[in-house]
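Both complexes shown next keep subunit A, but they swap its partner, so subunit B is in the first and subunit C is in the second.
Let's turn to the complex of A and B:
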């Protein structure tokens, strides 16, 4: 069992997600089943194989450094759950 | 012309009828809106429908067409778009509570392209939450139903898009495909769709799931409609550095494509354990149609296919956990009302805002990327991706196209997959391969099972081979009638 309660809590912390107690066990067994299926991949012979990141050769693209964006602060803040004086608002973080 | 007659036309036929003055764009739009009104209460394919807004847009486009200012091939034809593609000023939810009230301050590049081309949007389509699912059941806005049988799923994640085209609630639609999310719902709903070569279509404004796999593509009633719809959105975009130069598909060449000399490869591995015998029979029959039309058909082995699912899900979850870390409850999206501290905002907003499937994939992604496991999972998956690329490179020396089933079965019943996520993941076995290495791929209807549920034929081609793929698909559709059947006509012989 790879997804012990400790591993799961650590993953929840990394993911900034908290599972309910009744869900936790179910999720652990589902992830375990998934990893068992993934283990099949370990049998592939990838000796000396370079990991493939991009499918097409990537090259640098240069352009003139021109300003094309405009100040849309008010508009962008409209989607914020909470805002004040043109800033995103969060609870006090430092006393 | 009666609404019913308009609704039975293909998108290209509607465009021609508008150009010739037989119908107007507002008429076509009203026909689609009444079909949505009539059917979508049950099907739930749309998250948002533009009523008056669509009619106003259609009238404006109609004037431009009459003035001769718009001559794009699909000008004036109503379409719909998946709700993970940003539309300025119009909520874009990605099927999630997290983005329920998100109103993008900008539109995706494809949306601008479509505005320029005179397309008329009738609404935003339902999907699996953040595209994570193969059944369109994980949406915060409720499951989509399959128009052929409403006790079954339409596939996913572009289930709303495929259902809307199949049910005549749109003439064509745009979905996105990360591991089969266009092709598999096309297969389940009996419509056609293309996942283009990676980079052909800009992803700017497409809400990211797995950036190296995601690609926007069209869904239509036949392949010619899909090609016309794809042509509207291709091209290099300064806002997406992964875009490549792409040549539009020549529609008249595609409609005259001859099968003579076409080399087709059929991987026997695609018919291994787990495939429904009726799906296998339909697909083999379809392949036989190609050989009767003059193509050479050869079976071959593609053993790497067995590593497709693990490779895909590791890459997808790894990229997803990074892409979805932006949802912090601060800049936009859902914020928990119970959060007291900054840390609470992150954890509680994400825990309350994301559904279970999304949480599972984020956590799996963090697991495979964590130190100690990175080499065993993520690096191994990228090495496996290199092997998959090599296998396809070798295959495409011998074959112009690879054919096989799109999915191992026809549409399952609602609820079946949710209880067994691993089984749902495994159903993506054929569709994930092209995404992993960025190849173009399509699905077209090729038969029906004993319950009258559609079966899809998947085509995979070399990079930038959309012209050949569409040509071959059009040839198949000129020779068969599976694509002409739709839910109201079920039971009639194709």
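Let's turn to the complex of A and C:
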């Protein structure tokens, strides 16, 4: 069992999610099954093979350095959970 | 203290002077109202796709070549994940595994010695937004104007041993990047930020001590203080047997010490992985050659040329070439007045003094580049005297007046015709009998007082040589 309660708690913290106790057990076994797939892939001989980063053989996709967007602040802020004075408003976040 | 040495490496983040952001068509301009330059893409909304700004690659390659780096023929982008409101996508696009430039160096002069600082890598990444804390409402407010503005991060080797070396490096880096036109490098506006990795070890030891990182240093002066403060903290800890922790700290320049940061900087795992939405960048040899050919004359070459061609003292050449903005004023003035030494003297004395009095950086100057040369020409042609020239230049510096207009409108043309000056001299001699008799009694110094009175009567516009000659003539006549 690689997904011990400690590992799960750590992952929850890093992913900013909180699981209920019963979900936690289910998730652990699902993730274990997932890791088994990874184990199977790891057995493949990849000696001398270049890693594939993209499925398309495309490189150098650029746009020119031009300003094409206008000020749409009010529209963009409509998507925010909360706003104030033209800013996105969030809970107090300290450094 | 003498038994320890400080070992430092620097990471410098520089915002590139592109018109638009790195992956979208939003403006990258600084200083506009909050969230004026935000779209679905840079606000991190799902379903948007990034397209790389071509100029970002060009600027990164320019910087890499100027800093003697190898340019990677293949580079690509990775996602660095962390949760913090300044980063709406919850990941920052950067280049961890395949940076665009590697293995460069920059030569600096510190403590009178030239030293080569290794540059480990330069990579492209995007900036984050800005958080403002609202005490009134007990919340934080986010402005995404800076979010996705292109950055390059220049990572040095741990080659620094003193604050002087660090400051010399940052100044040289700033001058070089400004010359290249890839960034305005304004520390006070955050377009150049330095993170300092610092550790302390006994002199002679090969092993590095525990390293702490100080983030986002805002000025060269505070960097020097931060290095001294953090070095002291490390030595105290080592001597008293305390354990130092590898962590990110923030230097509080008012309190004079650093404290640990509790946020994203000390995240356990950034979960880096290749960005599936961005295609790799392939740089051809031909492209590198073109950019190399387009590089401007850099500070070092320029300094050597100023000494060689214009006969400037090394110190002056060093200061002038330390900023492309000083260079611009100097070269234009020298070109107009055909007297590089005079132009250099005016920049070195008058301009630096004006900048210092106004607490301004050279990049903040606003006046027309032709003005200093025009003033120097009026001065050599005898149209204005030196005092008026200085006054006019101060006016140019302050409010970008046209120097010729200014002199004419204020009637500051030099008065040098004998016919206008002689009656004034006569009046001054009549009104200052005491100084006259002192002079005649052999106290030659009192002529200075009479020159001052005459210049005052001529409202500062008199030709000093003519005034002096006529005064001596008038005094001689009164000898009796």
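Following the convention adopted for this analysis, the second predicted complex is superposed on the first by the 83 of 95 C-alpha atoms of A that agree within 3 Å, B and C clash if a C-alpha of one lies under 4 Å from a C-alpha of the other, contacts with A are read in each partner's own complex, and residues count from 1 in each chain.
One rule holds for everything that comes next: contacts are C-beta pairs under 8 Å (C-beta built on N, C-alpha and C of every residue); 3 or more make two chains touch, one makes a residue touch a chain.
Owing to the predicted nature of the structure, the values given are computational and were not obtained by experimental measurement.
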item: Subunit B versus subunit C as contact partner of A:22, first or second or both or neither; value: neither
item: Touched partner set for A:38, first subunit B, second subunit C, both or neither; value: first
item: Partner chain(s) touched by A:59 [first = subunit B, second = subunit C, both, neither]; value: second
item: Which of subunit B and subunit C A:81 touches, first, second, both or neither; value: first
item: First (subunit B), second (subunit C), both or neither touched by A:14; value: both
item: Touching partner for A:6 - first (subunit B), second (subunit C), both, neither; value: neither
item: On subunit A, the residue positions that both subunit B and subunit C contact, one per complex; value: 14, 16, 53-54, 56, 61, 63, 72, 76, 79, 88, 90-91, 93
item: Residues of subunit B defined as touching subunit A within the complex; value: 101-103, 105, 198-199, 212, 238, 241, 244, 304, 306-307, 309-311, 313-314, 321, 325, 328-335, 339-342, 344-348, 350-351, 354, 356, 359-360, 362-364, 366-367, 370, 376-377, 379-387, 389, 421-422, 425-426, 437-438
item: Complex contact set, residues of subunit A against subunit B; value: 11-12, 14-19, 23, 27, 30-31, 33-34, 37-42, 44, 46, 49-56, 61, 63, 72, 75-76, 78-82, 88, 90-91, 93
item: Contacting residues of subunit A [partner subunit C, same complex]; value: 10, 14, 16, 53-54, 56, 58-69, 71-73, 76-77, 79, 84-95
item: Touch list for subunit C against partner subunit A, complex; value: 18-20, 24-27, 33-40, 43, 45, 51-57, 76, 83-85, 131-134, 137-144, 250, 261-263, 267-269, 271, 274, 276, 278-282
